[in-house]
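We just call them A, B, C, D and E in the order they show up, numbering each chain from 1.
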Amino acid sequence: MNTTNLAENLQLPFQSESSVEPLKTIISLDNVNIRYGSFHAVKDASMEIYEHQVTAFIGPSGCGKSTVLRSINRMNDMIRGATLQGKVLFNGQDLYEKSVDPVLIRRRIGMVFQKPNPFPKSIYENIAWGARVNGYRGDYDELVETSLQRAALWDEVKDKLKQNALRLSGGQQQRLCIARTIAVQPEVILMDEPASALDPIATSRIEELILQLKQSYTIIIVTHNMGQASRVSDYTAFFMVDQNRTGYLQEYEATEQLFLNPVHKKTEEYISGKFG
Amino acid sequence: MNTTNLAENLQLPFQSESSVEPLKTIISLDNVNIRYGSFHAVKDASMEIYEHQVTAFIGPSGCGKSTVLRSINRMNDMIRGATLQGKVLFNGQDLYEKSVDPVLIRRRIGMVFQKPNPFPKSIYENIAWGARVNGYRGDYDELVETSLQRAALWDEVKDKLKQNALRLSGGQQQRLCIARTIAVQPEVILMDEPASALDPIATSRIEELILQLKQSYTIIIVTHNMGQASRVSDYTAFFMVDQNRTGYLQEYEATEQLFLNPVHKKTEEYISGKFG
Amino acid sequence: MPTQNTQFRKKHRLHERIIEAIMFLFALFSLLITVGIVVILLRESYLFFSDPKVNLLGFLTGKDWQPMIDQFGFLPLLNATFTTSIIAMLLGIPVGLFVAVYLAEYASDRMRGILKPTLEVLAGIPTIVYGYFALTFMTPLLRMLFGQERVEIYNTGSAGLVIGILVLPLIATMAEDAISSVPKELRLASYALGGTKIETTFQVVIPAALSGLSATFLLALSRAIGETMVVALAAGAGPKLTADPFKAAETITGYIVRISGGDVSYNSVDYNSIFALGLVLFLITFTLNLISRKISNVFHQEYE
Amino acid sequence: AGSKEAKPQETTQFAWVEEQGVNGLPGVNPIKVSGNIITAGSSTVYPLSERMAERFKQEGYSGVITIDSIGSGAGFERFTVAGETDIANASRAIKAKEIEAAKLIGRSPIEFRVGTDALAVVVSNQNTFAKNVTKEELAKLFSTAKNWSDVNPAWPNEPIQRFIPGTDSGTFDYFSEEVFKNNPEPMLSAQNLQLSEDDNILVQGIKGSPYAVGFFGYAYYAENADSLSILSINSVQASKANVDNGTYPLARPLFIYSDAQIMRSKSQVAAFIDFYLSYVNEEVIGVGYFPANDEELEKGRQTWLKAMNGTY
Amino acid sequence: MQSSFAFGTQENVLRLMEKRRRASVVWQAVFLLATSLAILFLVLLLVSVIDSTFGFAALQYDVEPKTLIAGKQHLSEFSHLELEQVAKSRLSGGILRRVEYEKPIADRSDKDLIALIEQHVIKPTVLRTWGLWDSLVNQGQIDAYLSEQEGAHLTFKSWLTFDFLVADQSANPLYAGIRTALLGSLWIILITFLFAFPIGVGSAVYLQEYAPDTKVSRILQLNIFNLSAVPSIIYGLLGLAVFVRAMEGFTSGSFFSRVADSTANGRTILSGGLTLGLLVLPIIIINTQEALKAVPDTLRMSSYGIGATKWQTIWGQVLPVSIDRILTGTILALSRALGETAPLVVIGASTFISVDPSGIFSKFTTLPIQIYQWSARPQGAYRNVAGAAIIALLILLMALNSSAIILRDKLSKKKRMES
C-alpha cells in the first residue's frame, strides 16, 4: 500500500510536528482503568500528553474517549459510580491523591463540551462567573475583553456584552465557552467533540482557534472526524473496544505517523472507514 | 487526481451495476419540497428510484435524508406540521393525491428504522400482527416461517417463536424488523440507517441481507457510513444543506460513478471526510 | 393499468372515525366542566349580587362579613385566606426548595429511592388528617411556645403552618423536577470552571430553573388558597379582619364548608353567597394556575 | 293533609304492632319494621335521636335510618321545602312561615315533644371569676361588651371570646329570641365571634381560654363537664329540678316533627316515632337532657294516634 | 498574559478554597436539615394519629359484673348456664326479643353471650381516655384521676380492632365502627372509576394521539391543566348545583323509579361519585397522557410502517404497552378521591347512617366525612375513634398506592428488559 498516496487522496493536511525542541510531558496516564459501577469502561490506558501540543483522541463510539478525557480533570467524579484505578499525573502531581481538591484542578485543566453550553446569563457574566468564584482579583472588564479576544469572539459581541448568551449562534456559543474556559487561566484545555454540533463554517473557525490557542495552552481534543484530527492535532491516540465493550488505547503516535503508517490493522481499517 | 487509486485505498467494493437490462423506474420524486411548520427542510428534490436496485442516501447530519425517505411512504403524515409540495409517484400513481390512502401505501412500501424496534410481543406476533391488521388470509405459521427465512433469522429463532422479541440481540432484532416488513409483502423497503446502532458483525449480516433482498424488493437505504453505501448500493444520492439548513439533493449517480468521479466539489469533500 | 388508480383508493373505515369522534367528545367534556363551573358560579353569584342588600363595591371593600345581618364585605375572608396561604408559603417554599435541592443534587440513588416515596406518602395523606394534626398537634405546640394567652385555640398560624407541610411534597417534587431538568451540561460547565457544588447549585442551576421554580411556587400558592379542611378545622369559624396569625379568622374556603356543612336553604342569601365566594376563589386560583402554566411552558421550551 | 277516611283500627294493620304498648300507644316490634327513615335537623336533638335510632336497630329494625346533624333551620328546610326528609329534629318550635312552606308541598308538620334542654352558658374551667350571670349581663356578654369588665366591673379587663352555634341552628334562634328579643343583629356584630354548627368546635374553643364564653345544648356540656364550667342564670342552676319546675330561664323544648301522611304511607316512620315516644324517657338523661313533662309527652302520644287514624 | 497573581498567591487560593468548602458544608447541612424536617413532619403526623389510637381508657359500668352472679368477678368466669340466665333476666325486653328472634339464647356461644351482656347489661361508658404517650409516660396522672373517680375501670384499649372495621356507627364510642363509611367510600370510588376512567383515557388518547396542533387542542390542553388545579371545594359547589339539585331526578333514582318513596333526594352515592369523578378526571387525563408520551414514537412508526391504521396502532400497540402506567396513574388519582372531604361535605354527605349502602341511589357517608364528624363530636373518646379511622383510611390508601407502586416496578422491570 502506498502511504503517501493515501495522504494525498484523503487530503490530510498534517500539522508539522514541532520535534525540534524536546517535548515536555504535562500529563501522564499510568495504567488507568475506569469503571462505571461494575462496567469496565477503559482498561490499562497509559500515555503521556505533551505541553503545548494538540492531542486528538479518536476511535469508534463507546470506546471510552470521553471517559479518559474526563479522567484528566476529575470530571468523572461527578458521574455516579465512576471509579478509577491507576495514576493520572499533572506536572508530576497525582490528581487522584486524597489531599487533592478536584475544584482546584478544574481551574487549571479546563473543559469544553460537545454541545455549546453557555450559562443562561449575559455574555459578560458567562466569562466573569468562573473567575469570580475562583477569587479573581484583577479587572473584570479587562478579563472579559482579553478572554473574548483570545477566543476570536470579541469583535462579534463587544457591543452586546449584556445580552443573554443563549441568543448567540451555535458556533459563537462554542467560542464563548472556550473564552469562558480561558478566563480562569487554565494550563490545559480538554475538548470533547467541540465542533460536532456545528456547521462546516463554524467548525473551521474552531479548528483555526485551536491552532492559535496551542501556543498558550495544552489541548486535548476528542473527535469523530478523521479529517479534523489530522488538521489540528500533533499527536493522535486511537482507542478501540474489545468484545466486552471495554475500551483500550490501541495506538498512540504522532498524528502523521498514525494516519500514514498505522501499526495496527484495526487502526488502518478505522481510518479508512471500514467501521465506526 | 487518480480515481482508481482512491477506490483502491478506500477499499470500496462497489456493486457491479446491472446496466444490462434497461432499468424500470418504480418511484419518482418530482420537485419535492418538504417543510416542518415554517422550516423548509428539503427543497426541490427530483429523482428516480429504480426497481430492484439498492439506492443509498448519504449526506451530513440534518440534510434531510430521513425526511425524504419518509416522504416516500407518507410517514411524514405522522409528524405534526410536516407538509409536502411536489409529486411523489409510485408506479406512476401520485401518492399525495387526495383520494390516496396512506395506510395502503405503507403496506406496499415498508420501512425499517435506525434503532431496532420490535413490538414488545412475541417473535411470532411481531411478524403476524402486521399481516393480521392488513387482513392476510393465508397460513400464518407459514408466513412467519418464510418471512423469517428471507430475513436470515429463521434458524436462530425457530425454537423460540413464543419468546418476547425484546430478548433478542440488537442485530437479531433488526433482522426481525426486516422480516416483519417482508411479511406484509411490500414492493419497496425503506431503511433509515438500519445498521448504525449495531456492532460490526451484525452490520455485515445486515449488509449481506440487503444484497439478497434486492432480488425481490427495491431498497432505499440511508447511511452515514460511506463504506456501507459503496458496499451495498447501486445508486447513491448525496444530500447537502445550504446556509438556511435547508437540505437539497446535490448529486445522484450510479454509486461507483459518484464515489470515484464526483461532479461536485462538495461531494468530493464529503466523501473524503472534510466535513460531516 | 386502470386498476392502478384504485389500488390506493381511500377506505372509509367508519368505525375508526366514530372512535375518533367519541374520543374527541370526551376531550371536549373537560371543557364542559370548566364551562359548568363558570356558569354555575356566575349564575348563583348573579343571584347574590342582585339581592338589593348586596352591592359589588360593598362586597369588595366591606370590612365585615355576616350575611345574616346584611354585612357583605368579603375582605375579612380574603385576608384570612391570604394570611394562611402566606404562612404556608413561608414554610413550604424554603423547606420544599431545600428538599428538592437535596434530592436533585445531593441524595444518593438509594437515599432518593427512600425519600421520594416518603414524600409521596406525605402527599397522599388526606387533608382531613392534616386538619386533625393542626388541631391536636400544631395548635398546642404554638400555644406552648408562645403562651396560652397569646395564641387563640383557633388561629390562622397553625392552619397556615400545616398547609405549608401539606404543600411541601408538592413543592419538593415539582421543584426537583425543575432542577433536574436543567441540563447536565450547565452543571458540568460550572464544575469545569472550578465551581464548587454549592456555587453551581445556587449560581447556575437555580437561576436556570427559576421559571420552573416560580411556576411551582405559584401552583403551591394556588393549592394553599384552595385548601379547605385544614382551615375548617383549625383556623377559626368566624370572619375577622386581623393581621395577627395567632387569632382566629375564617377563610373563604372555611366559610363555604361551614355554611354548606350546616346545610343552607336554597335560594337564601347564605346559599348564594357561597357561590359568590366560590367565584372569587375560582378566579384567584385560575389566574394563578394560568400564570404558572405559562411560565412553566416557557421553562420547558428553554430546555427542550 | 290526609283526607282519606281512616279507621282507628287501621294502625293494627301494620305488621309491627304489638299487643302491649306503652302509655296508650300501640307497642312496636322493631323486628318487623323495615324500610328507610330519613331524618335531619337539630344538632342539639341529634344525640337523642341517634340514641333512639340505635336502640331501634338493636331491637331488630332492619331498615336504613339516616340522621343528619345540620341545625334546626336547615332541618326544617329539608322537611318543608325540599320535602326530602320524613322527620325534622328541632330545638325550637316550627315557625309560621315554615308551616306555610310545607303547605306548598302538601305537608302539614305535626309536632312531638321529646325532651327538654337546659341551654348551657359555659366558660372554661380555668375561668375563676364568672359563676353567675343575669339575663341582662348575658345580653351584654354576647353583644356589645368588648371586655369582661364591661359586663361586670369585678371581672378582668380582658377581651371576651365568643363561641356560639351557627345561624342555622335552633340554639342560635332560641338564644336570640330569649335574650335579644328575636334580633340576631347585636349578637352577630359582636367582636371575637366564632360560629359553628359543630358543637365540638365550640367546646374546644371555650376550653382553650379562660376568657372564652359560649352556649349550647346541655348534653355537650355534660360530656365535657371536667373542662367546662356552666354559669347559673339569674342565680338559678341548670338542674333537673330547676328545669322541671320551670325556674331555669334557658330551659327549652326539644321536638321532632313529621307529617301524618308520611306516617301512614311509610309505616316505619310511624313505628319509629311510636318507639321514640315510648322509650325516650329511658334514654334522655343518659344523653344529657331532661325529660319533657308528662303532659307534653301525653300530648305527643295523642297526636300520634290522631295522625294515624286520620283525625289530625 | 494576565499577572500570575490574578488569583492571588497559593496561600490565598487555599484560604479561599477553605472558605468555599465551609460554605458547601454549611449548606449541605441546611439541605439535609430541611429534608429531615420534612420527614419529621411525616413522623409527627403519624405519631399524633397513632397516639390517639392506642392508650388507656377509664370506663364506667351501669352494672358491675360482680353483682350479676354472687361470688364471680368477671364474665369470663361465668358458666354457660349462668350466662344464659343473666342474659335472659337482665336484657331489656326489646333487645331480648331481637336476640331470641335472630338466634335463641340457648344456641349461642359463650363468646357471643358475653358480648351481649357486656354491651346491653354492663353497658360500659367511657369516662376519659389517654393517648399512647400519656399512657406510657404519665402513669401518675392516670392514677390520680382514677383515685378521684368512683367505680372507674381502667383498660388499655386499641381503638382499631377488627370489630371496629365491621361495626356500624354508634352513639357509644366503644361500639362505633366504620363499616358504613368504608362501604360508602368503596362505592363512591367505584362510581368515580367507572365515570372518570373511560372518559379520562379517551380524552388523553384524543389529545395525545389524534389532536392536530391547533388552537382548539391547545385550549383543551391548557384547560385540563387548569382544571387539575381547581380547588376541590369548587367541584363540591359544581356537584351541589348540578348533580344534587339540577339533576336530582336522575341522581336520586326517582327518574328510574328506583326509589319508591317521595323523600328521595340527590345526595346519593351517584352524586358523590360523579362529583369526585369530575375532580379526578383531569388528573387521570394528565397521567394517561404522560403514559402515552412515554411510549416511544418508533413503536407507532413501525406500526404505521407495516400498514396499520391509526386505531389499530393505538389499540394494538400503544395501549397495551402503556396500560400499566395508565392504571398506576388512575389508582393514584382514585386514592386522591378516596381522601377528599370538602366536596362531599358541600354536596351534603350524611352524618349518621348505620346501614350498608345498597346501590348507587343510597345515601352515603365516607371515611373522611366520618373522621370529620367524629373529630367534631363533643365526647373525647371520639377523638380516639377518629384516630383509628384515620389509620384505617391510611392503610387503605397505602394498599392502593402500593399496588400502584408494584405496577410501576413491574413496568420498570419490563423496561429494563427491553433496553
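To be clear about the criterion, a residue touches a chain if its C-beta (ideal position, glycine included) is under 8 Å from a C-beta of that chain, and two chains touch if they have at least 3 such contacts.
Please read these numbers as outputs of a predicted model, since none were measured by experiment.
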Middle chain, criterion being Cα centroid separation: C
Chain pair whose interface holds the most contacting C-beta pairs: C-E
Chain centre separation in whole Å, for chain C relative to chain B (CA means): 52
Rounded Å distance between chain D and chain E, as computed from the means of their C-alpha atoms: 33
Chain C-chain D separation of Cα centroids, rounded to whole Å: 40
Inter-centroid spacing, chain B versus chain A (mean Cα positions, whole Å): 36
Two or more partner chains touched - positions in chain E: 20-21, 309, 348, 375
Sequence positions of chain A contacting 2 or more other chains: 103-104, 107, 133-134
Contacts with two or more other chains, residues of chain D listed in rising order: 68, 70, 78, 82, 198, 201
In the complex, chain A residues that touch chain C: 73, 75, 78, 80, 103-104, 106-107, 110-113, 115, 117-121, 129-130, 133-134, 166, 177, 180-181, 184
Residues of chain C touching chain B in the complex: 4-5, 7-11
Residues of chain C that touch chain E when the two form their complex: 13, 15-16, 19-20, 22-24, 26-31, 33-34, 36-37, 40-41, 44, 94-95, 98-99, 101-103, 106-107, 115, 117-122, 124-133, 135-137, 165, 168-169, 172, 196-199, 201-202, 219, 222-223, 225-229, 232-233, 253, 256-257, 260-261, 263, 266, 274-275, 278, 281-282, 285-286, 289-290, 292-293
Residues of chain B that touch chain C when the two form their complex: 91-93, 95, 99-101, 103-105
Touching residues (chain side chain A, partner chain E) in the complex: 101, 103-104, 107, 133-138, 143, 146, 185, 216
